[in-house]
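The following pair of complexes shares a single chain, subunit A, combined with subunit B in the former and subunit C in the latter.
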Partner chain A sequence: MSYKPIDAIAHATPDPIANKVRGLSDRAIAWIFVAPSIFLLLAVNIFPLIWTIRLSFTNFRVNRPNNDVEWVGLRNYERILNDADIWNTMQATAHFLLWTIVLQVLIGFALAYLINKKFKGNDMWTTIIVFPMMLSPAVVGNFWTFLYQPQIGLFNYVIGFLTGADPSSFSMIGDTHLAPWAIVIVDTWMWTPFVMLICLAGLRSIPDSIYEAAECDRASKWRQFWTITIPMALPFLMLAVLFRGIENFKMFDLVVQLTGGGPGSITTLTSIDLKREAFEKWRTGYSSAYAVILFVTVFGLASIYVKALNKVKER
Partner chain B sequence: MSFSVTEPSNRQKWFAGVLVVGYALITIMPLLWIIATGFKSPADAIAYPPKVVFEPTVEGYVNLFTSRTRATEDMLAELGEPTTWYDRIVRQYDMVITGPSRYGERFLNSVIIGFGSTFLCIVLGTAAAYAFSRFRVPLKDDLLFFILSTRMMPPIAVAIPIFLMFRQLGLNDTHAGMILLYTAVNLSLSVWLLKGFIDEIPIEYEEAALIDGYTRFQAFYKVVLPQAATGIASTAIFCLIFAWNEYAFAVLLTSGTAQTAPPFIPTIIGVGGQDWPAVAAGATIFLVPVMVFTILLRKHLLRGITFGAVRK
Partner chain C sequence: MKKNLLASTASMCLALAVSSPVLADGHGVDLTLCWAAWDPANALVELSRDFEEQSGHNMNFEFVPWPNFADRMLNELNSGGGLCDLMIGDSQWIGGGAEQGHYVQLNDFFDANGISMDDFIPATVTGYSEWPKGTPNYWALPAFGDVVGWTYRRDWFEREDIRAAFSAEYGRELGVPQTLDELRDIAQFFQGREIDGTTVYGAAIYTERGSEGITMGVTNALYNYGFEYENPDQPYDLEGFVNSEGAIAGLEFYRDLYETATPPGSSNWYMGENIDAYKSGQVAMQMNFAFIWPGVNADPNVGGDRSGYFPNPAGPAGQFAQLGGQGISVVSYSDNQDAALEYIQWFAQPEVQARWWELGGYSALNAVVEDPDFASSQPYAQTFLDSMAIVKDFWADPAYAELLLAMQARVHNYVVAGEGTAEEALDGLVGDWVEVFEDEGKL
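And now, the complex of A and B:
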């Protein structure tokens, strides 16, 4: 038998676990490594999803497990799509989505642009700006109800101080006209840093040489901004919008703590409505259909958006 | 120093600095207000105009950790002088402490569930990420997209069957159930982030190790793992923060034994409405660790929040 130094070294590094799997091929190891994660996700995500789809065709109610479960076909779906209240919650969600995204993109991009001027201490201030985003939305949302109190609330006091209005004359979360904006303000306060961070990465990815070339060609700063900065940061901006869009479509914790969907149902976003149907009225079959519709909507919109994003990236 | 056309002028820097610092100061106000309110007396907390200067007290913290009951004068006389500093604070309001509050338990639940799920997430995530990074896994792109897509589902949408499933398995309102659930929720994050970190480790190190006679497995944990340590640590902190902050599943699936702090803090009630100093004290204890972690993580923040889609 010929002597191989590789064998000698291999045998010099004994290890009980390693020896046991020594014989395994790469392919086997790959499966052993991936399988537990996939299995867990199937069990906790896909299996429940299939179950939800199945329930959505029945009249099952969790609080009456002994009732006969009837197969009702598409009736749940029909009822949801014909329900005016659900369209109201969709509208509330659309209002929330639109304005949070517009405000966060504008403020977030402006902040990133300013931070990219690399003034002294910009790292420290960036970290401070990022704080709200990392905190528990439920806990912070609950505390904002205190800031929004008429009279004693800090928010009302500051607004009153700046505008001369009486701080007790308006209630951000009690007024049907103001409540939709109350949730937009808190969400913007919380998540603008998210858009800012992504935009900052976009701005930092633009090589200096492009600006130098533009400068040689005597392009004005204004022109440079619109023909270099914006197009090159656009894919990042779109990614930020994608993340915020998905997150806010699912929005539950912050708003439920802030307004509880009120006053009336003016800030009842779809997730809050769904929670009521499923866990307060216990209409399991109906709410399952509702959940399926929401999931299909998010997934569909996100897929279309990702296609558009890839097109922009390719340019 | 060489002249550069792309370097902003000093005036621009100054202007940008003032605006950004101004925004930062406004944005941090609510957080400072939470911390300050925790040290106010109930009367100061609801004073008009809002009090910026006040006499700090730990009443909020005492109220947070104790449950109290109102006592008649006879009862108070019978009890005699208060023996501890926290007794003394409570007696000012003719109250007596009847025992600890539930906050301690809820906080501990958050710690157990947060760390438990983070540990599982990292173990499963590292293995899967390594396999996706280094091996040819059939349907790799589809599997990776599938893992990411689990994140798009509204938690409430899957909560119904999970509720039914957990009830069947006896996992409702248990630590094990919540750990399992949060692991599944955060797994997409950990796989995607860790894959990015492992992708960055040159494959040559492992090849060298394999030539030296290491098995794949040895190469994995003797070469790759130490190199990925920073990445693993920051991924772990992200998983921990997400599990720590989670509210929707916690409020739907837990009620007593396994309830975490986020659904509990808003329910802290005092006499006539929410006891804001106590709520603020509870929030402060709950939020400050996350702020510290944020400072530690600042270099990897971007990566974490975008699932590794944006590096740098």
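And now, the complex of A and C:
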């Protein structure tokens, strides 16, 4: 048996310490490694969650630290669920979520399908397409307010040019019918490249041999698309939907910059409303209840969705 | 060993001296003044250099852009933060600042140093310093008088072709509007008109949704049509005052002005957007706080004789204007309260206030504004005086933020989004405000 320097180090370990380490089980050592992460998780995620749930049953206001905190039971939840304005923000959020996801998945998949074909300048086009998602949402929101300007905005000019309408005759962010679509358009412009990249990863993971086998069986391109491409890329598509769904449920900066939640409250999404309740009105107890309701909603929907995703992956 | 001990003691002392707020001469401290990031703040930096020279203190400034100013600074105060020694906070913060212990009460300090609130414009004392309102409890020194007023394109108003067209359409001379109805007529007249080959619009008004914009704008119509915040004889009695017939008519007026006489796309405009629209020659008139007037006057495109200024015109129930401006307070969480009070004592001096006005700051000191030369010192000086004489302010209760957000939503929903009627909007506002006051235990 050869004598290595590591053995020398091991032998140099003082006996009391060596005995102690030798006495630890694998499980104990595993806990030592995992404990800091668990501690952080408890401190940063679990404790605030439990604290928020506790606050949601009180009338606590963080800007009135000297006031008595009263236990109000389910009153905050009752007020939220009976508040028509909050249901309106839920509706605005649902509209935003639905249409951004539909458009981003359709356009993103189409772009990925095109980019996946080998052609000259492929890399350059990929870089150009991906460019919007590299920008800050606040910056995007800000410069789209200029693009949407009826008098000087490029967007209005292009629409006017294509339709013959007067560019200053409509305001994308000032009209209650157009504003919900204005935020959908900007989010789609910004995040479709992200969906495209995920779809591209999915398309590139499909082995060529499957298509070759289908060619041998004389399957048409259309048939190949529906029976090979879509089923095999579906887990990736569903993952993209999950990511975008979670991201857009908490959408804040882009919409605040674009519309400030207006006109009226038509683009006030739940995250904007929650921020106003918590950090402008300082209704901490009330906003905690609001946050708990949103958490349960997102958690419930995401759990169902992840189960469906796993089933698709198992197929 | 002894040498080492001496050396380490010396280096510790040096480190403490460097890290301590007390400056090397043993007298001056680092003072931080918090305010909004805008033109007057730059003037204050310039003005404060004299204070630094005289006192030996070092002034630092924390300026936050207006849209985030309240969020940032109220967070700072609510968390008991020590960032700011001096706070030039908005007038509506005074109730919260006093009741929640953020500000130091200044009565004893004023008495000891011969600073009298009788020496300041009464509306600014009520608006910026007193809490509860109407009582001699002072929490701030009036620092910057401000009020909503109007700027107009005097060069357009004086053009013969435009005057003739206006006269033909309305049967009267084109001039500075005396009433809100006249203002609307003029704005509608300019709306979509071609001037020197460019399409221009009537007026830029406040419509911003996110912070306080539309409320600061619409109140200029509401007050003048008869809106009251509460029953003057019974505090927090809102029904019939907030939603009186006059108030409903005032809200309808503002919506009509927005729909018929403002630039397309001006659905979320506040101070900055209005300035841009005016300076770029898009509008004939702009509503804005008076702080912008020095900038307009100096502007190469619209400054000098090309612009004029007028107070908010009268309505059927009188002539009022929305108060802006701020007082300067000492933050109770500051470790440098003595030095902060020194700054206030210095700032209150008549000669410093006169210099403040020269630099573009709106002094609220009577000695400055009542000086015989004041009205002619700047083209907008008389309009400032006239406007400060007709001010009204929004709620300054500790719950002002909730009251403000409710009004923002209700008014924007009606004026910009066009939802429901003015009556429904104001009835809804009464409901929202009653709920806030019930939560506050005031009803």
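We take it that the second predicted complex is superposed on the first by the 274 of 315 C-alpha atoms of A that agree within 3 Å, B and C clash if a C-alpha of one lies under 4 Å from a C-alpha of the other, contacts with A are read in each partner's own complex, and residues count from 1 in each chain.
Keep this in mind: a contact is a pair of C-beta atoms (placed from the backbone, for glycine too) under 8 Å apart; a residue touches a chain by one contact, two chains touch by 3 or more.
Given the structure is predicted, the values throughout are model-derived calculations rather than measurements.
Engineer: I'd like to know which partner A:P263 touches here: subunit B for first, subunit C for second, both or neither.
Structural biologist: The answer is second: A:P263 touches subunit C but not subunit B.
Engineer: Is A:Q151 in contact with subunit B, with subunit C, with both, or with neither (first, second, both, neither)?
Structural biologist: both
Engineer: On the A-aligned overlay, A:E280 touches which partner chain: subunit B = first, subunit C = second, or both, or neither?
Structural biologist: second
Engineer: Counting touched residues of subunit A, say whether subunit B or subunit C comes out ahead.
Structural biologist: Of subunit B and subunit C, the partner in contact with more residues of subunit A is B.
Engineer: Once the structures are superposed on A, label A:N66 by its partner contacts, choosing first (subunit B), second (subunit C), both or neither.
Structural biologist: So A:N66 only meets subunit C here.
Engineer: Under the stated touch criterion, which partner chain does A:L55 make contact with: subunit B (first), subunit C (second), both, or neither?
Structural biologist: A:L55: touches subunit B, not subunit C.
Engineer: Thinking of the overlay built on chain A, is A:S169 touched by subunit B (first), by subunit C (second), by both, or by neither?
Structural biologist: The answer is second: A:S169 touches subunit C but not subunit B.
Engineer: In the superposed arrangement, which partner chain does A:W181 touch: subunit B (first), subunit C (second), both, or neither?
Structural biologist: In the superposition, A:W181 touches no partner, neither subunit B nor subunit C.
Engineer: Touching A:A138, do we find subunit B (first), subunit C (second), both, or neither?
Structural biologist: A:A138 contacts subunit B only, not subunit C.
Engineer: Between subunit B and subunit C, whom does A:W99 touch in the aligned arrangement: first, second, both, or neither?
Structural biologist: In the superposed model, A:W99 contacts neither subunit B nor subunit C.
Engineer: Considering each complex separately, which residues of subunit A are in contact with subunit B in the first and with subunit C in the second?
Structural biologist: 62, 151, 153, 279
Engineer: In the complex of these two chains, what residues of subunit C are touching subunit A?
Structural biologist: It comes out as residues 70-71, 74-75, 78, 96, 100-101, 199, 208-210, 263-268, 282, 398, 401-402, 405, 409, 412-414, 416-419, 439.
Engineer: Quick check: in the complex, which residue numbers of subunit A touch subunit B?
Structural biologist: 6-11, 13, 15, 17-18, 21-22, 24, 26-27, 29-34, 36-38, 40-41, 43-49, 51-52, 55, 62, 107, 111, 114-115, 117-123, 125-140, 142-144, 146-147, 151-154, 157, 167, 189, 192-194, 197-198, 200-201, 204-205, 208, 211-212, 215, 236, 239, 243, 246, 249-250, 252-253, 257, 270-271, 274-275, 278-279, 284, 287-288, 291-292, 294-295, 298-299, 302
Engineer: Considering the complex alone, what residue numbers of subunit B touch subunit A?
Structural biologist: 4-6, 8, 12-14, 16-17, 19-21, 23-24, 27-31, 33-34, 37, 46-50, 124-125, 127-128, 130-132, 135-137, 143, 146-147, 149-165, 180-181, 183-185, 187-188, 191, 211-218, 241, 244-245, 247-248, 251-252, 261-263, 265-266, 274, 276, 279-280, 283, 286-287, 290-291, 293-295, 298, 301-302, 305-306, 309-310, 312
Engineer: Tell me, which parts of subunit A touch subunit C in their complex?
Structural biologist: Touch list, subunit A to subunit C: 59, 62-64, 66, 85, 148-151, 153, 168-171, 173-176, 256, 259-266, 276, 279-283.
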